[in-house]
Structure formats: structure tokens, C-alpha cells
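Chain lettering (A, B, C, D, E and F) follows the sequence in which the chains are written, and residue indices restart at 1 in each chain.
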Amino acid sequence: MRIGFGHAVTGAGVLLAWPVAAAADSGDTAWMLTATALVLFMTLPGLALFYAGLVRARNVLSVLMQCFTIASVVSIFWVLVGYSLAFGDGGAGHAVIGGFGRVLLAGLDAGAVHAAYPNIPESVFLMFQMTFAIITPALVVGAFAERMRFGAMLLFSVLWLLLVYIPVAHWVWGGGWLASLGFRDFAGGAVVHINAGIAALVAALVLGSRRGFPMQPMPPHNLPTTVAGAGMLWVGWFGFNAGSAVAADGAAGMAMLATHTAAAAGCFAWICQEWLKFGKPSVLGIVTGMVAGLGTITPASGYVGPGGALAIGLLAGTVCFWATQYVKRRLQIDDSLDVFPVHGVGGFMGTVLTGVFGAAALGGIDPADGRLLIVQLGIQFLGATATLAWSAGVTFIILKLVAALTPLRVTAEEETEGLDIALHEERGYNL
Amino acid sequence: MRIGFGHAVTGAGVLLAWPVAAAADSGDTAWMLTATALVLFMTLPGLALFYAGLVRARNVLSVLMQCFTIASVVSIFWVLVGYSLAFGDGGAGHAVIGGFGRVLLAGLDAGAVHAAYPNIPESVFLMFQMTFAIITPALVVGAFAERMRFGAMLLFSVLWLLLVYIPVAHWVWGGGWLASLGFRDFAGGAVVHINAGIAALVAALVLGSRRGFPMQPMPPHNLPTTVAGAGMLWVGWFGFNAGSAVAADGAAGMAMLATHTAAAAGCFAWICQEWLKFGKPSVLGIVTGMVAGLGTITPASGYVGPGGALAIGLLAGTVCFWATQYVKRRLQIDDSLDVFPVHGVGGFMGTVLTGVFGAAALGGIDPADGRLLIVQLGIQFLGATATLAWSAGVTFIILKLVAALTPLRVTAEEETEGLDIALHEERGYNL
Amino acid sequence: MRIGFGHAVTGAGVLLAWPVAAAADSGDTAWMLTATALVLFMTLPGLALFYAGLVRARNVLSVLMQCFTIASVVSIFWVLVGYSLAFGDGGAGHAVIGGFGRVLLAGLDAGAVHAAYPNIPESVFLMFQMTFAIITPALVVGAFAERMRFGAMLLFSVLWLLLVYIPVAHWVWGGGWLASLGFRDFAGGAVVHINAGIAALVAALVLGSRRGFPMQPMPPHNLPTTVAGAGMLWVGWFGFNAGSAVAADGAAGMAMLATHTAAAAGCFAWICQEWLKFGKPSVLGIVTGMVAGLGTITPASGYVGPGGALAIGLLAGTVCFWATQYVKRRLQIDDSLDVFPVHGVGGFMGTVLTGVFGAAALGGIDPADGRLLIVQLGIQFLGATATLAWSAGVTFIILKLVAALTPLRVTAEEETEGLDIALHEERGYNL
Amino acid sequence: MKLITAIIKPFRLDDVRNALAEVGVNGMTVTEVKGFGRQRGHTELYRGAEYVVDFLPKAKVEVAVADDLVERAIEAITAAARTGKVGDGKIFVIDLEQALRIRTGEAGDSAL
Amino acid sequence: MKLITAIIKPFRLDDVRNALAEVGVNGMTVTEVKGFGRQRGHTELYRGAEYVVDFLPKAKVEVAVADDLVERAIEAITAAARTGKVGDGKIFVIDLEQALRIRTGEAGDSAL
Amino acid sequence: MKLITAIIKPFRLDDVRNALAEVGVNGMTVTEVKGFGRQRGHTELYRGAEYVVDFLPKAKVEVAVADDLVERAIEAITAAARTGKVGDGKIFVIDLEQALRIRTGEAGDSAL
């Protein structure tokens, strides 16, 4: 997210003053309302369909249910306390977490704006941010698909929102310590993708593989559904990245261009790898390459030019392809839908590369204070690593905690029968 | 819909002057163009898919056909005469219906604005309203799905548009008697949801149950399709409710927030009820709870705060859950896709609750003229009841009229064979 | 596209000056960002699903793959050279083609605007145009579906973009000779629909029919998927046509109204024809009529009133219906998904009718310089014919060229087995 | 033992199952099949491409029964599946040499 | 009476149906099945997870015929289903003890 | 020759195929079927409309084998398909009068 539209946010101080009365710009507001709709669209139905098509037919509903339920409970918790902790004033501890002053959105009305974004109403700003908080835990679903119990999933997701997503979002976008350092993460390379990606890896390891993995083939049951979801993700990502400009201007346009270019390049790079290695390009390949390109450009999207975006996209498609082979085939970790090698690896790479291609010399936009490239690179690396470490550690603790309260996995019989019948007493298809 | 953006509409008088020349705001216009696209998206493909997944495979196309055809003919009739009757000047009878002065959109050009909404072009205003006129009769389809003949459906829908939807829309949004009374219906709790919901109940009663109901199970044939439609409805509803602010501002932002919060709460409340009663939450449950939350918040969305929205959403999910059980299981009325217990009950409840939570004391916005809560509550109840009565009565008459001209139902053989082959000579799937 | 928002583009001269620094309008920019997302949405997933549902199950992925791959490579080539050739300064040859001055988008930054459209950032303008460049070759896919090899398709599409699409786009929208003549093509009747439609016919003839055509029935394998795609196309087309106003104003509103009206009329006219000829209306019919209505109104959408749009839509549904019967049944040309009779015939008809209904006397907007209707009609006919001839000829040459390098068709065995397994080693469904 | 195979109209399946249960047959195996016979199929029409679908959806019910149950089972199926219209279907009877229950290894009548 | 079961390549189904009609067989029941045999299956590949699908789609055609038609029916199927490549399929013949038409109760040859 | 028909739990199919291959059976035909028997089905629930699905997904494996292979084939199937829980399924054996390979016209044991 572009940090500080109205005036620079350089720490906790400035946030003490909000909300202030100011006239929002109708054009910027129009775009942010739209962008909010687009990012929700990414999760529902976008990501839900993308994931649902990839599992076996007997688990299709369980995945849709997870995405839908996460959207519901995250929204409720965001209104109750999430927004306050992420973007509220944290007082003395503002470097690490926001405060409780905005619990239940206290003080919000139609005229309110956020100090850092006086060009749009605060209601729009917090809605836009809510959609990010929804999609991030929903991404993790891909790791434990086809075996996690519903209740455990629900508990895990709420705790993960509160203890992993919100702190990291605060550090980077809410005026926390990474923001103060000048860490650049335009639309969530660290906050969303590294965060969800590494949590997925940890979850896959803690839960263990699906029964039959890797001997038994587990092909996607409905690739057209996955492609439908992929198309929605691509379109929705315009809201994600270009919306992170928090304005309808040239910066949003440049972000959209970078986003689109990287997606296209990710597609292309992935199918080239497939063509070289397997002799045939595939549909699942091209949509995975697309997601890799989009995830990787996300942190950089507001800072790089089209050339940088092309380079990042090509790298994304190539590196994430090999990472997927490595994690799934070599390490035999059953991160069911490859969340880590695509989002985790892509997000990390993109966050670091933001320090490279986000330089005027390479067609990007130099950091404001004339910081050296090597310094920025260090900051990027630090931020990416801190996110990785925090998310990995806390995810692990949460899973152990949940496991102490309720079993994480369904029984072997339930897994064989399929989660749809076992957990929800419904079947996906009666054709 | 927010009534009277430019200046207050307090009856027919002010409407005599339009269209006036005025400069529209590009930001507001941008949002309303988008909102229009979003509301169309709710019907096509949103609602069409939502409904299509719920019927049996052999009737999937008939439902899609009904939604698509309604979109087509309603649009044509809206251009020909509908807009004029709903929003045109009704002269002496303006309290009950508009006039014929704008037939075929006479007087419209690119510079025209509507007196009540001078901030956007009139072409955009009438397009936005058209999408509401499309979705309302399309909602009714759920009641007579899997048995109504195509020709009868077509005739019914056109008459229903002209004799039920348009008058009610005029009363509430076109400067009619309910508008004059100060009835609050921000985005169509009465105009859309009560209207369609009660019409559905009447249609289900007049047509009679599907063959085999309730003995024979009639499970949804494709729940992933229904979930895809549900996601589109959620996203599209942002256009429906936040678009009803007719501007890109804080009011739109607050409406989006209320809408989203109620949807999330509706989801959650419904699956909690399922969990308690049946021991298992379900996918069909969560999406139905979402629709209940959205339908119920609709009239209130521009007048309540997030706390009110949360309360309304929780009530919606709970009450509509029990209403569904009651109508379908206890009364054994075969309103096939539960339009009445979700939209009718939710719409009524929401319209009344607008009189409660739309009070500053409860985090909402008091009525402009300092009206007492109890008075407003009375007005809300009156408006809801009047809509209910009008729609029920006229729907019944229309159905009897159509039945006199052409049979309403397919034959028993056609019903067994499925409407897709019987009516359209097509099959949904050749997998 | 509305030509020359800021000031008239009457040839190459004015283009020499860009990019200029100017303040974009946030409302217009908001709408154009949205419109760009909508037009991408038309291809991914809209058109991809629309086409995918129409083929047989064993080829479903091959069609999705073609649409996705085209989106990827066209985007890359657009950034590399396409935008420069279409909208860059062509110097002496500007009448026929742009130049290489903007290769790799040289000179673009967040502050840049295009001289002709100073109200929005250039980044947004070029993104919006890119989405048109994506969908046009994707439309052609319908002609050679179920038999073309992937590599040949890829090569063909890139050459076709460069040698067919870009020149024609330049002639009409980039300040080329048709623009100078005053040719009216608001959103791509010639540039998109005639262009793709005639290329489809040529491709169908060069590749030859699918094995078994016309003896063996080849019914759509999943019509609900096609309907989902159709709904997305309708919604997305609002971005296509109303976005071509390049502003959020009354002109955009009128274009949206004309677009929607023609779509509705196209639906209605097509099913009336079916009803008369076959006794039953069909789902495939109504969505095809919708596309016919939308394709036909496209060139006229910014110049006609709602009455003209209604007439054009009714004509589109009727004429394209008969054209489809004629080409497929009578001539027995296996343009698999009927691209030519719908887009080609509709596009041609619409381009010519723009010269009729785009007259103030018929509710439209007269050409700026007081040109006579008959003169404009001649220009329209000339532009349509020139596009037809260029596209037909160059498409033929490209196909022969590609055929010389690599076989165009899969083998008979591969065709029988299905392209999904043969070319991509994947299967669409494992239900 | 005999293996009875009945090709019936799909919407009669539940009736047939119940009728069989009443005469004491507690197991059966059902397959979705397409039948071709005297019953006319339907027409499908896609953008004017008309074609006749002769294959109609049928359910194939297979029941292995002890010899003394054959008559009653056939009667039960016939009564439950008959609508009186063309296409009601056929019943075929085949000699079953051996039957085994996989779980227990039981053979013969007691395996059914 | 005999029950002839033919496992054939799906795209030969229409030819087989026509060939059977020519020799006077007017009814049949078809099932989509998966066959495993000498014919090699195909590979599928999902994000690098490769696996071989040995089961190939086949159509199973079942026809009950009077004894005197058996030879001709078999010849008709063989001629119509043969492509000459591996995987053309098999024909099995089983003795049919009894056949009944549900609609009329007719038994034996006249039930077919 | 005999025709062995086994109704098994679907997730045991690969094991059964491998077991058959080991005893020398190299061809088989598999059909997705729904079974009804002692094994209890599941409940489905849609907006409070509850109903019991008694028909469970099963795989039907058909193998034609020469007489001397029958015992071993049955044993192989039994061993591979058994889970010990209700619903493991049945094996039926029928006499096969004739078998033909369509491609070559070979008949009898060599056709298998």
C-alpha cells in the first residue's frame, strides 16, 4: 500500500490525530469502492473456485466452505477488533501493534477519514483493508485442504488472523516498525504472500500428508472451475495492487500495468519451463504461473516500471515452477495446493526484488529519502525474513494449541469418504 | 436509495422540473457506472448460477433461461415505458404512479440529469435503476422453478414488472406516497425483497408443488455452481447497496460496510443454527445465511452503523433459518428455492428494523426532520405491509389471468423428463 | 472509442507532442481503471468459459488454454512493441502504422498522459487498449477450436496481433487514415468484430472441418458454463463500450444504455426466430443473440440513442441468426463456435448502421463537421470493407506461413482422443 | 442361484428397491445405463444443428437371488417398474454358478 | 436366447448400433465403462505429478438376442467395431435363461 | 471360460487390478455402480431437508478368465478387496459360452 497519501506516516505520532474531518475525493473514493469489491471478488468466488477445482470431487464443498467461513468470521473480527489493532493508535507500543481505541469501529462515521488517507472516507479504507485480511488466511486453506476438521480450521483461522496477520499488517502498513524503517511492500508481498505461504508450509508439516500421498494420484477434479477462479483472481488483483495506490491516478495506473505485465510473464515463463521439462505446456501450469507472477509483483507493483515487472514476472514463473517441483516431488511435503512454493517463495522473492527493480535506474521509483539501493535491499530482506520467522513460529504455536483442544484432522474413514459428506452432509454434484 | 441528493424530494412537485442541465461529478458517475455493472452482475450470471445449481440437473437450463429472458424483456420494457412510469412525472396521480412523459426515454441526452440526482447523468441513473427492475422478478423464479412453462413465465414476468414492481418502486423511490411519508428503504428491502418474496409465496401456492414433493428428495445438482453465484451476489451487492448512495462518498462507504458486515453475520448465524440443530454446518447453509443477511440489511444499509448491521445480520441468519424450516418442512409449501423465507421474511424484518437501528442512539442516522423513533417504526411497518399486500394481491390476479390464457405448468411427463429437454431441446451437460 | 477527448486528433501531427504533463481527472481515471478490469474480465474468464462450455468435454482445456495463452503473449507483445505501433507516432507513415518510438513503453511514467486523452494517465489508456488487443485474437479461437495444434495457434496469434489487429487499430483509433476520414467505430465494430469474424472464417476454411462434421453431432458439453461466460461478457461489455467514452460522464452513460438495450434486444430477437422456426427458444440461442446484439452495437454505442440501439439489437439477433444457419447448415463451413456469423456479420452490419442511426434525426449524434448522412454511410462502408479485406488477406497469408513451419492441425488420433490429453496431458473433469 | 438383471426407467428405482426389500431381497447393484429400443428418444437442437438422441437414460438393477426367490423377485420388479408405456424395460435371468461375500468368504446362498 | 456383451471403442458405438439394426436387433443397453488391457493408456501431468491412466474409456453394449440371431449379431458387431488397432475390444456370449418385457409381461424371444 | 464379476469398494480398485495382474489376468472392465446392501449409507441435508442415501458408490470389476484361472482370480480379488468391514462386496461367477477378440477374430481362451 502506498504509505501516507496526505502526508507521510513516519511512525506512531501522526496517527494520534485521526480521524480528522476532511473532504474525500469522489474519484479516488469511486476507485477504492471498486477496488474493495474486486479484492473481495478475489476470495469469493475467485480463490474459492480456484482451490475447489484442484481438490478431489468428494472434498470440493469442504474447500468452498472454508473460504466462505473465513470470509465471514474474519469480517466479524475485523469490525470487532482487527481494524483497531492493525490501524488504530498503539500508543507506546505502536511499533509492534495498534491499540483498542477503535474497537467496534468506535468513532467512525460517514465523514471520517484516516489521517494518512484523507482523500477517501475511512469507511472505505477499512473495508479495503478488510478484504486483504480475508484473503490471507483463505490462502492458507490450500495447505491443509482435504484433511482438516472444520472446527479446528475455524479456530485456527481466527487465531491466525489475530496473532499473525494483524501484527504483520500493522508493522508494514499501520505505522509499525517496518514502516518506520522504510520497508517497501506496496500491496502485500510480505503481509499477504510470505505470511500465508510460510504458514501453509508449517500447517502442511504439522498436519501431515493426505492419505495416499504421494503414491496415489490426486488429480484436480474440475480444472475449468480452477481456470474460472484464476481469471477472477487476475481481474481482482487489479483491485489488490492498483487499489493499493489508494487513489485513482497515474500511480494506480502504473501499478495496474506492472501487475498485469508480471502476470502475463509469469504465465509464459511457467509454460516454457513445462515445455522444456515435460514436452507439453498445461492449463494448470499457466494458471499457476499467473498466480506466481501476481504474488511476486505484489510488493513491487507500485515501485517498478513495466520492464521491471516483466523481469519479475519471468523470474516468478521460473523460480516458483522449480520450487513446486522441489517441495512436492523432492521433499514430498504435502502442501496440497502448493501454497508455499507459489505464494511463499514468490512473495519472498518479490519483496527482495522490490529493493532492486524499485530503483529509478531500473525504471522504478527511488525511495523517497535518497536511500541507497543496497540499504533498501537490506531493509527488504529484513522485513521479508521477520515476516517469515514470525509467521512460521506463531503458526506452529497456534496449531499446537488448537490440536490440544480439538483434533486437527478428520479420521481415516472420513478422509476416504470425503469431507463433504463427513463434515457437511452434502455432496458437490448430483449430475 | 438515498432520496434526493441534490435537494430534497418531498413529493411530486420538484419532479416537474426535470431534466435539468447540470454538471455531473465524474467521481460519482464513475462509481455509479460501476455499481450498475455490479448489480447486473448480480443477476447475470450471479443469481442465475446461484439458482441453477440448486435445481436438479435436468432443469438447470430452464432456470438459466428464465433469468436471462427476464433480463432481456425487463430491459426492453424499462426503456419503453418502465422508467417513465416509475420515475417520470405522474401529475395528479403522482402519489401512486409516474406518467407517460418519458416513454421511450423521451428527452434523454448525454447532458441530462435527474433533478433529484444532478450529480450523475440521467442515463446512468436510469441504467442503475434498470438493473434493480431486472433482478426483482428474477428472484421470483426460485419459487416456480422446475415446473413453470416458459411462455407463461414470460407473460407473468412482464405483467409483474408493470403492475407490481414499478408501482412499488414509484411509491418508495419515485416520489410516491411512501416517499412523501418518509418511508426509509435505502436499497430495496420493500421494493425488491418483500416484493419478490411474497410474490414467490403466492406463485408457489398457485402453481402447486413439484411432483414428488416432499417425499422425493430433490438435492441441488451442483453446489459449487451455487457457491460461485453466491460469491458474485455478495460482491454485486456492494453495487446494490453502496450504489444506492448515488455518490462516491462516505455514505457509500458506510453502506458498503453495513452490507458486508450483515452478510458476514448472516453467514455465521445460519451455520451456528445448523450446528446446534443438525450437528453440522453446511455450504448451502452458509450461502443462504449470506443472502438472508444481505437481503435484510438492504433497506437499512444507508442508515445504520456497523453495530446495527451486525445485529441485523445475526437476526437475519437466525430468523430466516427458522422461517425456512417452517415454510418448507412444516407448512410444506414448495417455494422451490426458498425465496419467501429468505427474501420475504428478511426483507420485512429489515424494513422494520430500519426504524430501530436507523437511530443515532443506536449508531445510525436519525431521520432528517427529527421524527420520533416510534413514528418512524410505524411508517416502516406501514410501508412493509402495504408492499406485502399489494404484491400478494396483484401477483395472485396476474397468475390467474395468465392461467386463463395459457397453462402455467408443464405436463407430468415433461416434468419427469426435465424442462431442459421438454421446453428447450437442450441438455445442460454432456460430460 | 471516442476520438480525441482533450482536443481533436485529425492526423499524425498532434500526436508528435505526447506525452504531455497534465493533471488527470480522478473520476475519469477511476472509471477507466474499472473499465480496464471489466474488459479483461470479458476474456478471462468470460470468453474462455463461454467458449469452453461449447466444445466437447475432451477439448475443454484446450480452449481455456488458448484464451489464457493469448492473454499472456498479447500482453507481453503489447508492452514490447504493440502499443508503440498502434498508438505511437508513425511519422511519415502515420496514416498506415505507428512507429517504434514507444517500444517497451519508453517515456512512460506515472505523470504521463496521452495527448488525445489528457484526462486520464497514459498508463491507464494503454492498459485499457491492451485489453482490446487481448480479446480480439481470443475471439478467433472459436473458429479453429477442437483441432488446431497449440504451437501453431501461438505463432498464429502473435503474428495476427502484429499484422492484422495493430494496423487496423491504428487506422481507426491511432490517428490513421480511417480516423482522418472520419470513420466512426466507437468501441470496435471494425477493429474487433469484423476483424476477428472474418479471420475466423478464413481460419475455418484453411484448417478444414472437425472430423465428423457435419454428420456427427457435436453438442456443447456444459451449457451452464457457457451461460456463466455469457453473463460475464454482458457485464464486461459495459467496460468495453462505456469505457470507450474515456471518461465518466453522460457520454459513457449513453453508451452503456445503448449497449445494454441492444444486448437485450438481440436476446429477444434471436429467441423469437427460434420460436418461429423451431417451435422452441433455447438457452444457447439467447446467449448467442446477446453476443450478436453486443457485437453489433459496439461501433455505434457512442453515437446512437436508445431507439437506435433497440433497432440495432433487434436486427442483430435476427440477421445473425439467419447468418448462422446459412454458414453452418447451408455452406457447411465448420467455423466451430460461429464466430463469423455472429461477430463478423454483426460487426459489419453495426459499422454500417452507425452511419444510419448515428444521426440526430434518428436520436443519435451527428458527425461533428456537419457531414451528410450519405457521406458518413459511405465512409462507414469503406472502413468496414477495408478491414474485412485486410484481415481476410493477411490472415490467409499468416496461416499459410505458419503451416509451412509447423502443422496446423492435430492428427486424427489426437483429435479423437481429445486435445486435452493429446496436447496438455490433462483432463478437464474427474468427477 | 440366479442373477436377475432389470433395465428400468430411472424414476422407478426407489419403488423397485422397496418392492424387492418386501420379498426379502436385501442387496442389489445399480448402474446408470443408456437404453435403445422401441421407445422414441428426444431431439436436441443447438444453433439449428438438430439431432435425435435415441439413447434414453435407464437404470440397470442387478440382483443375485437364491433359486426359490426368483419368481417373487421378478414379480416384484415387474409390478414396481411398470408404467404401461413403451420403454418400461426388460428383465433378464442368468444362471449364477457361484456367489461369494468378500468380507467373510461365505459362498452360495448365504453370501447374498 | 443369448446375452451378447461387447466392449468396444466409444466412438464406434453409432456404427455398432446401426449394424445391429441391419441384422434385426432393435434393442440394446449401453454402459460407459473403463477398460484395462493390452492397449496403453495415457499420461496425465499436474504440476509435475505425473501418472499413468491405464483405464481407458470403453462402451459396453449388451444385447439379448434369440439363438438364431447370435451369429449374425456377433458378425455385425465385429465388423462395425473393428479398427484393427489394439483395444478394439471383446465380445462375450452368455446363456440367457429367461427374458421378460416389463410393460406386457411377454416372455422369451418375443420379449426382445 | 467364466465371467467373474466383483462388486468392490472403489478405493480398492488399484489393489484388485494389481492382484489380478499377478495371477496372470491382464484385462478387465470396470464400471462405476451404486450398491445397496447391509452397509449403511450416509445422510445428506439440504436446508433442513434430510434424506438418507442408501446407494453407495462401488466399483464393478468384470474379468473373463479361462477355467483353470478361476480359483486363483477369485482368491486374488478377495484378498485385495477385503477390508473386513461391512460392504466389502460380492463376487459372482457365471459361465461364459464364448469370447472373441474383435481386432483379430480370435475366439476362446486366446481371446482373453
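A few points about this structure:
Methods note: contacts are C-beta pairs under 8 Å (C-beta built on N, C-alpha and C of every residue); 3 or more make two chains touch, one makes a residue touch a chain.
Note that the structure is a prediction, hence the values are computed from the model and not measured.
Path length between chain A and chain E in the chain contact graph, taken as the least number of steps between touching chains: 1. Shared contact partners of chain B and chain C are A, D.
Just one of A-E, C-E or A-F has an interface built like that of B-F, with over half of its contact pairs in common by residue number: A-E.
In summary, the pair chain D and chain E forms a contact in which the copies contribute largely different residue numbers, shared numbers making up under half of all those used. Each of C-E and C-D has its own count of C-beta contacts, and the greater count is at C-D. Chain centres here are Cα means. That of chain A falls 34 Å from that of chain C.
Centre to centre, using the average C-alpha position, chain D and chain F are separated by 18 Å. Averaging C-alpha coordinates per chain places the centre of chain B 47 Å away from that of chain D.
Taken residue by residue, chain A touches two or more other chains at 25-28, 30-31, 34, 219-220, 222, 228, 248, 278, 280, 282, 284, 425-427, 429, 431, whereas all remaining positions touch fewer. Annotation for chain F: residues 31, 44-46, 94-95 touch two or more other chains. Across the assembly, chains come into contact as A-B, A-C, A-E, A-F, B-C, B-D, B-F, C-D, C-E, D-E, D-F, E-F. For chain A in complex with chain C, the touching residues are 25-28, 30-31, 34, 38, 56-57, 219-224, 227-228, 230-232, 234-235, 238-239, 242, 247-254, 256-257, 260-261, 263-265, 267-268, 271, 278, 280-284, 286-287, 290, 305-307, 310, 365, 429, 431.
Residues of chain F touching chain B in their complex: 44-51. Contact residues of chain A toward chain F in the complex are 216, 416-417, 421, 425-427. Residue ranges on chain F touching chain E, taken from their complex, read 3, 17, 26-31, 64, 94-103, 105, 111-112. Those residues of chain F that touch chain D in the complex are listed here as 2, 6-8, 31-38, 54-55, 58, 60, 74, 77-78, 81-95.
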